[in-house]
Each structure stands twice: as C-alpha cells, then as structure tokens.
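In the two complexes that follow, subunit A is the common piece, with subunit B as its partner first and subunit C second.
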Partner chain A sequence: MVEKRLTKREGVSTILDIRVQELEVWYGPAKALENVSLHLEQGAVLALIGPSGCGKSTFLRVLNRMIDQVPTVRVKGSVHIGAFNVLDDDIDVTALRRTVGMVFQQPNPFPMTIFDNVAYGPRLAGVRSATKLRQIVEDSLKKSALWDEVRGKLRRSAMTLSGGQQQRLCMARALAVHPHVLLLDEPTASLDPVSTAKIEELIVQFKGRYTMVIVTHNLQQAARVSDLVAFFEQGHLVEMGPTHDIFTAPQERRTEEFLTGRFE
Partner chain B sequence: MIRQSFHQELMQLEQELIRMGALVEDQLRRAVRSLTERNLVLARQVIAEDDRVDAMEMDIERRCLTLLALQQPLASDLRVVSTALKIITDLERMADHASDIAKVTVRLNQEPLIKPLVDIPEMARLASSMVRLALNAYIHRSIEEAMTMIRLDDDVDHLYASVFRELLEIMRTRPDTVAQGTYLLFVANYIERVADHATNLGEWVIYMVTGQRKELND
Partner chain C sequence: MNEQPLNLKRLHPTRHGRTAHGLLAALAIVALLLLLSVLLPLVWEALPALTAPFLWGKGQGAIGPEVLNTLSLVGGSELLSFPLALLVGLYRVEWVKSQGPLLRVFDQFATTMLSVPSIVIGLVVVDVAIARWHWPVSTMTGIVALALMNWPLSVAYVVEALQQIPGRYREGSWALGASRWQTVRYLILPLAWPQMVEQAGLATARLMGETAVLIYTAGVNAAVHWSLWGPGESLAVHLWLLRTEGVGQNAQAQAAATGVVLLAFVVLVLWGSKRMAQWLKNA
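Moving on, here comes the complex of A and B:
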C-alpha cells in the first residue's frame, strides 16, 4: 500500500518531491513522450507548457497513473514521488490517487450534495465518525476558499454551484484525502476571469504545502502561479527552468519561438 | 509566423527608437557646435528641438505600455519592449544635456572665451560617437559593438579630468574667469554624463541580446 509505505518512510504530512527518470510513453506504436527526466522539489509549482499534442497532459497523467486508462499505453522509466516509484506494478493505484490529487479542465462534481462530494474520499478511506467528517469537510472547504460561500448550504446539490465554485469544490474534494501532490489539468480553462483569479490565488497559497504540477495553455497563468516551467514539444522536454528565466530569457531556440509566437 | 501584426508593431517601435536616438545624437553635435562657433541661432534651435525629443519619448513610452498591456510579450519580445522603455529615459536625459549646453552658449553670448576649446569638442565628438555606436549595436543586436562603445567611456572620463584640472587652474590664477570657467565645467560635466547614458544604452543592448544585466560603468 502506497500510504503505508509513505507513512513509514516519509512521515505523515511530509511534502514530497517528484523525480522522473528516462520516462517514455507509447500509445500503440506512437511515442508520446521520449526520454523525459526532471526533478521537482517538494512544495514547488511546475507549469507544463507547449503546443497541443506535445505530451504535457500525457506527462501529467503518468504521475497518478490515470494513463493506465488508455488501453494501448506502454510506459517505461521511473517516476518517484517521495521514495516510491509510481510505475511499480504492485502500487495501490487508488491509494496513489489519494496521495496525488487531480483537478480537471471541466469541473466534475459528483451528482450529490456539497457535503457528500467532499466527504466522499474520506468515507472511502474508512472515516466513519460524523464529527470527524464534518471537520474534514469544513477544513477542506476553507482551504479551497469556498467555505464562506457554502457554509449554510452543505446539503444542497453541488450542481447548484457556479462553474468557478464547482472547481473549488473539486479542489476541496482532492484536499479532503490529504494529498501530497496536486495535479491541475487546465483547471481554469472553462472559468471566467474572477473564478480564474480565485483558483490561481489558491495555487499560490498552496505553495510549500503541496507539490503541484499544472498544465496550462495560458502562458500568463503559468507566469503568475509557477516556480518552474517545463516546455514540451513533440514528446520531448525541450527546456525546464525557473519561471522568470524561461519567460524572460529562455536558453533554447524552440522555447523562444514558442513563447514569442514565431512558431510554425 | 503567428503573431505577425504584433511583430510588425515591435519593428515600428524599434524604428521610432532609432529615429529618437538619431535626433538626440544630432542635438548633441549641434549643441557643442553652437558653443564652439558661438552660434546663438543654432543654440536656440537646439533648445527648441528638445520638446520634440520629449514628445518622442512620450510616444515610444505609450507604445511600449500598450504592447505590454495588450500583447503580453515574452522572452526576446519582452526584452525588446523593456529595453526600449529603459533606453528612451537615457536618450531623453542626453537630449536635456544637449539643451543645457546650448543654454550655456546663449548665456555666454559673445563674451570672449577664456581659452580655446580643444578638449571639450573632443569629448563631445567621442560622446556622440558613443551614442551612434550604441544605436548601431541596438540595430545589429551586437554585443561586440556595445562593448567597443562602452570602452570609449574611459577616454571621455580622462578628458573630463584633464578639462577639470585645466579650468580649475585658470580660475585659480584669474578670478575674473570664474563665471565662464564654471559654465565650461558644467558643459564638460554634461558631456561626461551623456557618455555615461550611452554606456547605459550599451548595457541595455547586452541585456536585450543575452538576457543578462551587467553593470559596465565603473
């Protein structure tokens, strides 16, 4: 079990780093990622940028083994989150996905109450005490800055919330199972500017508490929220570096061409 | 190229900057010539033209802020725009100094010079060359040209020290020369400052090309 190993080796609330070595991914005969190696320090935010089809979403989906859902996929290399390799065959994938939470492009609350959405994960993990569940729900909604907006409406359907609120609910749902890593797949792509700003503010506040990887097509968003940027192109990690350096003076010509729109 | 219209605007911005730089270089040459030739008409022209430089600075500044706000340039595009924003301040100060020199011409009017002007025109020649070299370095994106230009600053500084000593000596021995001697010291100082601003231009060109900020003016 991932969590047991984590508890033993890393301590309960440790923030974990991510070390990827020689990662290769194929979809059938097509290579989607080629020899990707990188290290992300614990508590840092990494933004993945690059044109559509460059491999950034594939990379993200390897980190919590969502990639397993593609029938023809083959993955090689190693992906260490803390001390354990998520690509190990004997990994408990359900436990892994608690440790490595994910928020998607479209808010995807479950068709149940706001309370039950957040309590879903802890209940699955065996939390039965009503008091404890209430506490977890409140803490998670506070962390995702939604508590003040929903505190009197926890028994209402999550579907009554606005898109931006739903996305923060999804963040609360991910936080409720005490993840160490958060994956964000274009988390504001369907949101208006105010809701986007709220999500971005959460990401900035979460720095140091969770290690985060965000896929975004919005370069300004990557600039605002990330500590590090990785530029992918045609399955290759072209360049990775501190956000300031990548956006003001990238070292690789391909990165430069992508950032300045001189990209064919 | 995807962002074609944006890159056209960037090129226009560069053209405007080069035009402003050429005008400033011209202002400096004419200001010092007005002094050596005692040409009051020319001096008054230089003073009047300073408004044009100020207007150009405002125009380029507005273009830069618009590009930053609306186009959100990154990487080399960001460096081109931020370099332009910094460079126009240096250019505007240089033009102010040219105008200051022209004002000394007006102030001295036809009063005979306390000494023939040799080192001051030479300083001015060097400083104008620096401005032109800096603009060429900007146009060519050339670190080498920027470095060559920056090295000239030492020659300007040496000449300034020598002018300073010479004028001080004249004023010490002939107290009636203090008023004009002080004006000429100002002029030498203005030119020395122009050379320092040109050095800044060189440093910004190096930043624009490499992304590295280096202080080369010591």
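Moving on, here comes the complex of A and C:
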C-alpha cells in the first residue's frame, strides 16, 4: 500500500534531482557560501562534511528556504529541486517544504501527543478525515521504525519519548507530508550510539526512495550511509565525489588533511 | 584566593539542609502571620457590616452598584486591551524578523509605558476624553483609562509568553510547510494560552484594586443603573472614599466590608485564571 502510493506519486512527479549552480550566500557582509555548484541525482544520499562554520548547514537550509528566517541573508545563484526553482521569489514555499522535508540536530517534537505530532503536517495540508489521518500516522511511524514502540501509546505526549525515539518521531513527522527529498541536519548529534545506529539504518533503508542530504560531523557515519560526499571549507565546496573515492583517494590536499585529522 | 582543601569532616549536608529548611519555613510562617495580622482584623471589623442588604440591597450604603461597576470596568478594559496587546505581541515576536533600531525603540517604549504612574494615564484621559470629547465621568471613561493602563503590561506578558516557546518548535513547523500564521494558530497560541491567561488573571486582579486612575475618570458616585455612561465608582474607590471621607458610625465597618468583598473578588479572579490555565494546559 505504502509502496504503491510512493511509486504512483513518483510517476506523477518530475525528476527530483538537486541542481545547484554558482550558489552564493551572505549573512550581512559575511560570505557564508561562495560559488557552490553540484548535482545530486534522485534517490542518492549526499553527506556534507567539513569543519564547523564551513557552510554545510547554510547550504542545507537554502534547499528548503529555511534560510529565509535569517534577517540579513542574501542568496544568489540558482537551485533547482525537480521542477522547483528554489530561489525564485514567487515560489510556493509551502509546497517546496512539503516536498523537501527536514530533520534537525536537536529532536524537536511539538509538546503534544505522538499522534498530533505526526498528524500536524497532514492536517495543515487539509486532511480532515480521522481514518485517513490514522492511516498516515501509522504509515509514517512504521516507515520511521517507531510504530512497534509507540502503538497503543499514540495519545501520550511526545515529550515522554527518549531522545532517539523523539528523533525518529521527527522523521515520521517529516515523512507524513510525503516528501521526496529529506534534509538531515546532524540528525544524530545529540543521540546515543544505539539511537544513532537506528537513524542510520533508516537512512540506508530510505535510499532510492528519497533524495537525502545529510550534514554530519561524524566521518564514519558519512562513510556508512552516503553515496556521495561533499567537503566544504570556509564556504567553498572543495571536493565532491562518490563516498568510496573521497575516503580512499581524495583529489584535494585539504580534503585529505581533513579526513586524516591533520586539519588546521 | 587561598583555596582550602575540601575537608569532608566539616561537610554536614544533612544538618545544613535541615537548618536551611527550618530557616525558610520560619520565614514563611512569619510572612503568613503578617498577612493574617492584616486580614483577620479586617474581617473582624467587617463582620457587622457584611449583611445581605449591604451586599446586594439598593439602600443607603449598599455596595451592589460598586460591585457591578468593578466587574464592568475590569471586564471592559480587559476586553479592550487584551486583544490589542495580543496582536501587538504576536507581531512583535512572530513577524518582526530584524533586530533593527525600530525594534529597540519599540521595546524601550513598551518598558517606559509600563512605568508610567497610573494617575498620569488618568490625567491624560481626563484631558482628552472628558475635557475635549466631553465624555461624562462614567464607567466607559474608566474602562478606557484602565485599558490604557493595562495595555503595556499585557503586551509585556504576551511577548514574554511567546518568547518562552523555543524557536526550534517554530522551525519544525515551518519545515513542514506551515505558514507563519498557521504556526501561530496551531502551535504557538495553544502553547502560550495557559501562561497568558494566568498573567491576565494577575493583571485583572491588579486592575480591581486600582484607584488613582479611576477617581477622575469613573468618578466617586454610584447608582443602580445598567448604562456604561453612568457614574462608575468601583469597589476600590469606594473603599478609599469611605476610609478618607466616610462619616457616620458605620463607615469604617462598611469600608472594611468593602475591602473584604474586593479581596474575595481578587482571590476569585486569581483562582479562576489559574484553573483555566491548568485546563488549557491539559486540553
């Protein structure tokens, strides 16, 4: 049932690859990204690595226009996700964000019931039928591997869940609006190793179904879950390539220094 | 700094804890006794005057009209000021993105308004509403004055309640495609209501005891009537008047009784707002 819906939607929708050309971002006078161009194919997992403040999160937040929340930000260049011209002023940001879901570093479930958390997005989208909502909630929780732990407890507050469960709930919440792209901003940074493993498992499972971009400070994690790795430094995209190639034979000296810990 | 090495033999956590507990409990008891020392004589003094005809009769000295005036003054001013404060607060917290100079000016202005003495607001209302627009000294004028007084405080607690909601909730909502308005409507307001209602209760209780601003605007007369344009003496003003100018053998007892009634209303409002906040929290 779930599979069917997904393929049906994919049939209807255009290709959801991500094309970024000459992207530049300023925060006030400070340049956060400079001349970033990359292409990510549909269903692939891209890991963004690099030192703190190198522009990884900025790049991620451009993709679903969450960057708009920063008062002094200016963005130049072109970003296309499928048919969306992301940087277009007239773009329907709501539609974009439904297509491009996001999971944050700190699990941020809303202080309401587990059910209401997952149903939040669909309700905003106008789904009123209780049966339909239940179905979406169940589907989403199953996809994020949380269903077995919370079935029968859907009316409990999401705040009663553990950190790892909360993060998977946030995954479910993002999946409930049927996105095609998932942005993961250090999704395991605040989790214990077991919870981290579960999230990584999900990412691997989602390969091919969702195009994913994950920011991570954990290089092993990038190696484990991603198809492609992009190394950022001081707002520049230094190098991008297949994960295996980047980790075994990086082309750039800076990348190698970063990967081997000789980075200053 | 000469740091003493930690001497475990000189640490007495249990004993220190008990001493601190005892000290704080003693302070609390002292405070309670002080409160009772004011309250009990007041109630004692009020008892002879607390009769049914005094509370809801129409005769000489009955405070029925004052009760009604107090309720309409306080209710009316909250109806006027709270929605306005909510709009301002929402705009200030949820819509304004920049941290620019305009915002600082606004915050400064709001703080200044908070510290304007109520009597100044009363004089402004007298000057504008009564002297220029020829409004009568009435409940309505009092409502406007109280609303003006209450408004900055309401803005302050609305802003505080909204700012206490972590930004990551908003981010989560926006990332799901919610607009600012939807986020406010379905996420922020439901979370902020309990605190706002509780604070509104506190503000209302404060308004009930307000006198200075009302003496000139709502007046010191009361009559049995249902019009907002009639004389609008409130309980607190009545109390003040009886205590300062009351004549007749019963005046002081009546003042005390008025005070007790006023106190009862204040307690009722505080308790009610707390219960409502609790109910909203669990809803």
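By definition in this document, the second predicted complex is superposed on the first by the 249 of 264 C-alpha atoms of A that agree within 3 Å, B and C clash if a C-alpha of one lies under 4 Å from a C-alpha of the other, contacts with A are read in each partner's own complex, and residues count from 1 in each chain.
Convention: contacts are C-beta pairs under 8 Å (C-beta built on N, C-alpha and C of every residue); 3 or more make two chains touch, one makes a residue touch a chain.
Since the structure is predicted, the reported quantities are computational estimates derived from the model, not experimental observations.
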{"item": "Which superposed partner A:F104 touches (first subunit B, second subunit C, both, neither)", "value": "second"}
{"item": "Partner chain in contact with A:A158 - subunit B first, subunit C second, else both or neither", "value": "neither"}
{"item": "Touched partner set for A:Q220, first subunit B, second subunit C, both or neither", "value": "first"}
{"item": "Contacts of A:P71 with subunit B and subunit C, given as first, second, both or neither", "value": "second"}
{"item": "Touched partner set for A:P250, first subunit B, second subunit C, both or neither", "value": "first"}
{"item": "First, second, both or neither for A:F263, with subunit B first and subunit C second", "value": "first"}
{"item": "Per-residue touch tally on subunit A - higher for subunit B or for subunit C", "value": "C"}
{"item": "Common interface positions of subunit A, toward subunit B and toward subunit C", "value": "none"}
{"item": "Complex contacts: residues of subunit A adjacent to subunit C", "value": "64, 66, 69, 71-72, 93-98, 101-102, 104, 106, 108-111, 120-121, 123-125, 170, 173-174, 177"}
{"item": "Complex contact set, residues of subunit A against subunit B", "value": "219-220, 223, 245, 247-250, 255-256, 259-263"}
{"item": "Parts of subunit B lying in touch with subunit A, wherever the complex brings them together", "value": "1-3, 6-7, 72-79, 210-212"}
{"item": "Complex interface listing, subunit C residues touching subunit A", "value": "97-99, 166, 168-169, 171-179, 182, 186-187, 191"}
